[in-house]
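The following pair of complexes shares a single chain, chain A, combined with chain B in the former and chain C in the latter.
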Partner chain A sequence: MSAVPFSAQIINLFASVILLLAFAMLGQRRVMPLINLFAYQGLVLAMSTAVVAFTTHQHHLYWSAGLTLLLKALLLPWILHRLVRRLNVKWDVESLIAIPTTMLVGVGLVIVAFNVALPISQLSNTITRGTLGIALATVMLAFLMMITRTKAIPQVVGFLAMENGLFLAATSATYGMPMVVELGIALDVLVGAIILGVFFFQIREQFDSLDIRNMEKLKDS
Partner chain B sequence: MDFFILMLGFPLVSGLLLTVFGERAWAPNLNIVASLGTFLASALLTVEIVAYGPRFAFGEMFFIDSLNVFFVSLTAFVGLTTSIFSSPYMKNEQEHGRLSIPRLRLYKSMFQLFMFTMLSALTTNNLGVLWVAMEAATLTTVLLVSLYRTPASLEAAWKYFILCGVGIAQALFGTILLYFAAERVLGETGNALLWTHLVEVKGQLEPTIMALSFIFLLVGYGTKVGLAPLHNWLPDAHAEGPTPVSAVLSGLLLNVALYAILRCKVLADGAIPGGFAGNLMMGFGLFTLVTAAFFLSRQKDIKRMFAYSSIEHMGIVTFAFGMGGAVANFAGLLHMTMHSLTKSAIFFAVGHATQKTGTQLMEDIRGLIKINPVIGWGLMLGTLAILGMPPFGVFASEFMILTHAMKYHPWATPILLTALGVAFAAIFGKVQPMVFGETHAKPLPHAPAITPVFVHLSIVLMIGLYIPPYLTRWFHEAARMLG
Partner chain C sequence: MNIIGLLAQLFAIALALFLAPLLTGWVNQCRAWLQSRTAPPLLQPYYMLHKLFNKDVVLAHGASSLFRFAPFIVFGCMVLACAIVPTLSTDLPFAPAADTIALVGVFGLARIFIALAAMDVGTSFGSLGGRREMLIGFLAEPALLMVIFTTALISQSTSVATIVETLAQREFAIYPSLAFAGVAFTFVSFAENARVPVDNPATHLELTMIHEAMILEYSGRHLALLEWAASLKLYAYSCLGLALFFPWGIPNGDSFPALLAAIPLLVFKLAIGGSLLAIIETVNAKMRIFRAPEYLGTAFLLAVLGLLVRLLLETRV
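Then we have the complex of A and B:
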């Protein structure tokens, strides 16, 4: 096996930290630490994007890294923190499936993700191609978190973490999407988070709780 | 004057104006005037495109050809009639105490911004921006679905947000893969997501990546089309939102999502030999059709039932485009048009009927023909039209799809016929007693706007009897674009 350049090693290291954080989020039982983990994930994502930008001289990636840092490591966690405090919810995160089981399912998903990504990364010639499998795994783990959690805020954190994974996929396969698209995606995520914030209050007003299991009236029968 | 700028400008500017002035007495009129402006601009744009061929706008950012200009004019038209319908409808809701004035302001501004996002999704040349606009269309409608703030409507809106969010995330991954495949051919310029550039090199795109990308795109945008098994959000969002929102969701948003799939299919077809994309769409389409048809008979809520009927029709259209070829594409486009017009007309009639009877439960809606013969007949004729009875236009398109399927994919015919039969029995059996029968309903404070119902239905009837050559030429042109 040929030697992997130092920058690629750094990028791979960051990517694995992101995957590790995804697992940590899956295993986290409390709301506040969950949001913090999400913020760390955004921070690592921004750092890894900056390293990619530095090694490949793709200047637009600096902007992406800055945007990620601002939006996902600072602004969104801040909004979520405020929401949790305003709504005064500090309960434990409840999961539909026991957390160790979800972790095992998660391991299975990572294997699937690596296998799906393999043919694509072989065709890729970017320095970051090894991280595509990790990106897909992050998306799938976030997806799993959304399915198994019963409270509204963890579901949203899962939704945002999924976006992190997609962003990582975009940088690892192609050095990022065109700037106009990235700005649009960032705007959508931000507006989405704000709308969800409004939405939390509406849900709480109606149900006196943010438990999604209250919302199972609409069924076909 | 550039009609394109006007077409996008009217909804954007009026949406922003309504955010500020939406509580004034003239706000509903501004809503209608803006929709009228959008419609006129898009009609003139259509004339221009049909006469002079495709064109760009703002450099290469936007691209208008006969395929998307057709969706643009349909969207603008249904937007106009919906705004006319919603004016007295929302006033009635307000007097029934279901909506406050600030929420009406939210409704009007979001309605216009929703039109803006859909029109930008249709006309953009950049597949990344298409994704952004589709997501924005979801965001603008989430708060509209929960407009009544009832527990059920909040649940519906939450489901809508989360399911469509997951779906659209798949589509983003598909777009990333597409960009990856395109970058290998087009290089690292900003052009690699521009559809007009992609379509020129579609034969050189890596087939493995394109196959994977198309699966993600189909599942992702398919969630918004309402393709089974990811259709669960659709009946809830349609049933719990206000009726004008149901009409535009059903009549327009599903079309726009399907349009996104069609654009991607053209690329996938060019890259992957052996009709992979078409087969996938045929499979999804049939599965959706059958699932929806069998769910129809179990429905108790009238808006829910017609939402399932929308899923059913989207299944038929997806199947038609999956078959591909000039005839099936023509039929698919025709069916989409007919479905949009008929379904929104039905939702208008249903909206008035539920306001009069004060319930959405079909058991409690009886004898519409006695309270208001116009609404009763509107609902009855609309139902007959959507069920594909001749001489309405839906019959013409379904007939074309069926005969084409018999000729090239005979195995699918029994499935199609059974599903259509089941759907017919379910819907007709439930609508018939609602229209005829005994009643105890009360008059409404604001006279309902019935004209849109009959304008839509008469267009559907006219196309069933006679398609003007101008329209045929235009449809043929658009169908040719899809290969």
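Then we have the complex of A and C:
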């Protein structure tokens, strides 16, 4: 353990917190705390990226960290909060009961992700290579959340959390993507969230609820 | 095993017997302050024990000998648990026996006997409490074992004494896995000690009680022993938590000066732990009993995550 430098320990700690928050999101039934958890995840991600930038002197990572902080910890949660208030679904509770089962499936996914990531991360020689497994697990947990939720907003939060996981994976494997790609993805996510926000209103107009199971009834005629 | 070591061990047990009701009293006092009630005196549990030991025992008509022996077995198990959890030193004569899996087994033995005794008389409250206790127990035990395995992976041993020595004498390092395990351990110890999110230790009125429902039929010295055993259990869990997650300052010898020097630090740590316990109890509401599986499932999940994170992040050098 003594061979692992202190900054790597901090990064590992942040990565573990991100994983923990992913699980908390998976188990959260209410909408508002879910968005808050997503904001915390963005915050921790930004801090972890900043630590990586400080340790490795990769200056573009500071920009990534700032972008993450601005976009994922402040702007997107704010947009989602506004949406929830405008749609008046603040007290929406997920009707799914099988959250413990979902959590168990989640643990299985984490085991798979760790096993898959272990040989890949040994190819890399970055200081953060250990967190690749956690990044993969975060992506898969967010994916699981998108699959199991039936309301529209938790699905969008799952989508955004998946992007968090991808960002962490990029940082841990190769110290981040090129700046152009990162800016592009950030813009994509922002526009995606706004378009989905418009979709929410359309869905509710059509079905009087945000339960996307209703969309199965749509026919092409 | 020399005579000094034996005396030191006996001293540690006596200290546990003395400090355990004090810890309970301290937690009750903190809770009362936080809820802006007038606090009971710190020594209230002693007065209680004194009163109960002087009262006659009233036995139900259908009570078998199991009912009468159970308090002694439970009390004995808890004393043994307090003896093998390293509180003052990691080098006491009982330390080689202090295997964590055996420790969980000792707690399990006490649980089985108290649940059997609760069902023995045949009142509805007793069997209700016994069944609920077993429900909580069978969910809490795997989580506790997982927590212990995480710490055992770090120190390569399941002996509590070795774990504490390894953790106390390492150089400073951040273990994310220990953080996960610590949170999981907190969850489990609340459930195991019949504390607020799972059970309320201060009520005899509700249908939701678990621990109090089991000991409802007991009186006199039997009840005193069970109350004392409950205090000892809280003490043993607190000391186990301190030993696993805050092991600094537990000396490695069995000389009396070292032991005496360790007492103030132990009392200080227990006082902090007790007040934290009271704070957590005050800010949380009691859960419905059917939420308890979810709560303990979360504890198990955290412990497993700790184990996985340990394997992923901390094994390679």
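A few remarks follow.
What we mean here is this: the second predicted complex is superposed on the first by the 209 of 221 C-alpha atoms of A that agree within 3 Å, B and C clash if a C-alpha of one lies under 4 Å from a C-alpha of the other, contacts with A are read in each partner's own complex, and residues count from 1 in each chain.
Convention: a residue touches a chain if its C-beta (ideal position, glycine included) is under 8 Å from a C-beta of that chain, and two chains touch if they have at least 3 such contacts.
Source: prediction; values computed, not measured.
In the superposed model, A:19 lies in contact with chain C only, and not with chain B.
Within the superposed three-chain model, A:5 lies out of touch with both chain B and chain C [touch as defined at top].
One of chain B and chain C touches more residues of chain A, and that partner is B. By the touch criterion defined above, A:131 lies against chain C but remains apart from chain B after alignment on the C-alpha atoms of chain A. By the document's definition of touching, of the two partners only chain B reaches A:163; chain C does not. No residue of chain A contacts both chain B in one complex and chain C in the other. On the side of chain B, the complex with chain A involves touching residues 126, 128-129, 131-133, 135-136, 139, 142-143, 146, 149-152, 154-159, 161-162, 165-166, 169, 172-173, 175-177, 179-180, 183-184, 188, 190, 192-193, 206, 208-209, 212, 235-236, 239-240, 295, 298-299.
For chain A in complex with chain B, the residues that touch the partner chain are 116, 119-120, 123-124, 136, 139, 143, 146, 152, 155, 159, 162-163, 166, 169-170, 173-175, 177-181, 184-185, 187-188, 191-192, 195-196, 198-199, 202-203, 205-207, 212, 214-218, 220-221. Within the complex formed with chain A, the residues of chain C that make contact are 170-171, 173-174, 176-177, 179-180, 293-294, 297-298, 301-302, 304-305, 308-309, 311-314, 316-317. Looking at the complex, you find that chain A touches chain C at residues 1-4, 6, 9-10, 12-13, 15-17, 19-20, 23, 27, 99-100, 103-104, 106-107, 110-111, 114, 117-118, 130-131, 133-134.
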